[in-house]
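Structures for review follow.
Both complexes shown next keep subunit A, but they swap its partner, so subunit B is in the first and subunit C is in the second.
Presenting the complex of A and B:
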């Protein structure tokens, strides 16, 4: 993984829009993913994550705008198909083949597929090569799909909510297996999840979408320092809130408040806030993404507050 | 070491501090090769870019030096640099906080110094 110097763009989207009937699932999305990074695609239910991933993977055609994968349009494209694997819940395989036969068939298509790794993972996760995909439980099906995803070693590996249905232990093992294989065989990985805290440590970048639009695209490390929480007496907090954009606010009762603002406070302002008895706290990436994608800055509490 | 994802400290800082501790305790000595970003990524289950950020902080502070194509190595003055940094930054901040808290609680300077002495003899006493 030689960074530095020239980086190849694996995915390029310009003004990408997808319309289903009257709803805009994706609205004018533009971004670029460079080679050999793990990027997390984060968004709420219905934000357009799956639609975006399906367009990139060539399963759906965009309504307007441009999408390039390995510099080519992915829809009906053999070069893209041979270098990309899309792993999601709906993966369907011929019912007449058992898991071992599915892997063999996949190996004829994906030339980098590591059969030995696939079998070792199957064995570790207690999957039998003679089982049939349709006979597996939901969690086991997801596990098998992710094994195909890792061992195929495609230049672009796309996962849509790969861990749905898996138990906590399997999820952890899967992300560790993915990271280990990525370190050994660097490749571009795009991974959607609504459980950010589960994946944030292995991500290099994050792409956050909200209602079909790109909200932010930045390094994971920068996201963690993007916002700061202020907590203290409402009188002092209100003054701080007036001067800046509030990302989230919550009343803690008895005259106390908690607000989240952009982390652009100067050292002097931090000192000043502390002297006013305000507590400053980091905001986890997971919470921040929820706050940023809430419809209102009070979140669910706003539904119940009628004052 | 187990990384703390909820800490105020970013992961790459935690990595840098762990490496500093390894150097202070002489587990890794001058001119020895330090862990690569990939080894650290694997050890701590983090993205290699995050690990690289931790290594680069130490390179900027001249605790590590790069050998083209071979990786990063510990400098001659690494231990000294880390110790003086911890003393002048980390320890100083702790002392300021300590004095502030004592002031807040109306603890006199003499009383505070006595408390420091007691704590010190208690810790050193335990070691005997």
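Presenting the complex of A and C:
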């Protein structure tokens, strides 16, 4: 996988910008994804996740900046298309073909497609090869699309909100199937979701975007250590808040407060905080992403507080 | 190093053509429906003349397979427009494609369908004769008996006309995909040209005459083929930067 410590870049974006009319869907995004990793693209609704994935998949053309997939520009690129599958809600197939025929057609285009695996997954998820794509329920359609995504074994597999409409059981099964097949046949996977808690166990890296801009790109493990929560009497919490950048704050009532700050407290400071009766707690990656992508540091509470 | 699949344009186009011949089978169903309908229309005859003297009267009915050919040309146009609609264009993007391969395989698909449509349109004239003689006008006699070379020329000519119309339909369809307003603007433009040119029918006559009044079959064939290539080429240029968005 890593020859001489050199990793191949699967995706490279430099100053990537996409403008629709007057709105900037993506603004100056730069990042690099290396080979054989599962990266989660996390962001709120309208953050630009789908636009970014569609540019990477060659569906949309960037307005400015540079995007390279397998070192080539993905728009109108057959090599990129042959090695990439983009699984999303909008995947459309001709209404005249049943699921079995669609899989067969997919197998002619994607040379690594494992038909046996596809059929076993279809069977497990109670999908009949003779059913038609248009007659499936939303969840079943998502299930079928993800089966095509897993079994086609493309060097780059891009999932855009793959589990929408699926029930909890199918979601868990899908992520497990994804992980198992990834371990057996390593590939680069880019997965967008707004539910981080659902995917955090399988992600190695996380790419967080906010309002069309890259917010952070780091290993999942680092994200879990990224911030720390302080909770205690408002008087002492306010003093701590003044000295550093507050990611999130809320009032707990009865004169106590809760704040989230970057986890760069020295051992001395931690000692000091404890002495002041402040409780220090880790922040889950899921909560942290919500806090980081909030428009205000108080979140929804700000709307209701009139003070 | 990761292993990457190679994708050659001609292989992808071939796979897409095979896929489309199977997936777009509805196109052939509509072809059959159109031609059956056209044959039924033709059974009424395209013209009648008659006369009467003191002792006898006569009546002559003319039957022709031209309606079949005209409706097949219309079918070619509509089928081509259909292929440019979002649903059909987006289907390609669920598999391996780029815009060029998607268009080229569409054009090949249209040419194959048009050849098939031309053959069945020409053959339907036999069916028409049999139907007229058997059921409608039992005393009919077949006036036009053509030689095989003439018949083949007719068939190739018909195919070329259908391809010409589908090439036009494909370009018109692509234009309307660029901007929704063109769905309204194009017919308005066409109709206003027709209305404005009523005083000066030269324009329309010239266009029809360019293809229709050609005495040399070879020159006619060249004219239609070149026009179709230009129309298809223009569609490729028009759609080369089209995005895939809902």
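Operating definition for what follows: the second predicted complex is superposed on the first by the 303 of 307 C-alpha atoms of A that agree within 3 Å, B and C clash if a C-alpha of one lies under 4 Å from a C-alpha of the other, contacts with A are read in each partner's own complex, and residues count from 1 in each chain.
The rule we apply is simple: contacts are C-beta pairs under 8 Å (C-beta built on N, C-alpha and C of every residue); 3 or more make two chains touch, one makes a residue touch a chain.
For clarity, every value in this text was computed on a predicted model and none was experimentally measured.
Identify the partner contact of A:165: answer first if only subunit B is touched, second if only subunit C is, both if each is, neither if none is.
Neither partner.
If you count the residues of subunit A that each partner touches, which comes out higher, subunit B or subunit C?
Between subunit B and subunit C, C touches the greater number of residues in subunit A.
So, does A:139 touch the first partner subunit B, the second partner subunit C, both, or neither?
neither
For A:200, decide between first (touching subunit B), second (touching subunit C), both and neither.
Touch partner of A:200: subunit B, not subunit C.
Does the superposition put A:299 against subunit B (first), subunit C (second), both, or neither?
Neither: A:299 stays clear of subunit B and subunit C.
Once the structures are superposed on A, label A:224 by its partner contacts, choosing first (subunit B), second (subunit C), both or neither.
So A:224 only meets subunit B here.
With the two structures laid over each other on chain A, which partner does A:15 touch: subunit B (first), subunit C (second), both, or neither?
A:15: touches no partner chain.
If you look only at subunit A, which of its residues touch subunit C in the complex?
Against subunit C, the touching part of subunit A is residues 3, 8, 10, 35-36, 54, 58-61, 70, 76-79, 81-83, 86, 90-94, 96-97, 101, 105-106, 108-112, 155, 187.
Give the list of subunit C residues in touch with subunit A in this complex.
The contact residues of subunit C facing subunit A are 1-9, 12, 15, 18-19, 22-26, 87, 90-91, 93-101, 240-241, 243-246.
What residues of subunit A sit close enough to touch subunit B in their complex?
1, 37-38, 175-176, 179-180, 183, 197, 200-204, 219-221, 224-225, 281-282, 284
Can you list the residues on subunit B that touch subunit A in the complex?
It comes out as residues 3, 5-8, 10-12, 38, 41-42, 44-50, 53.
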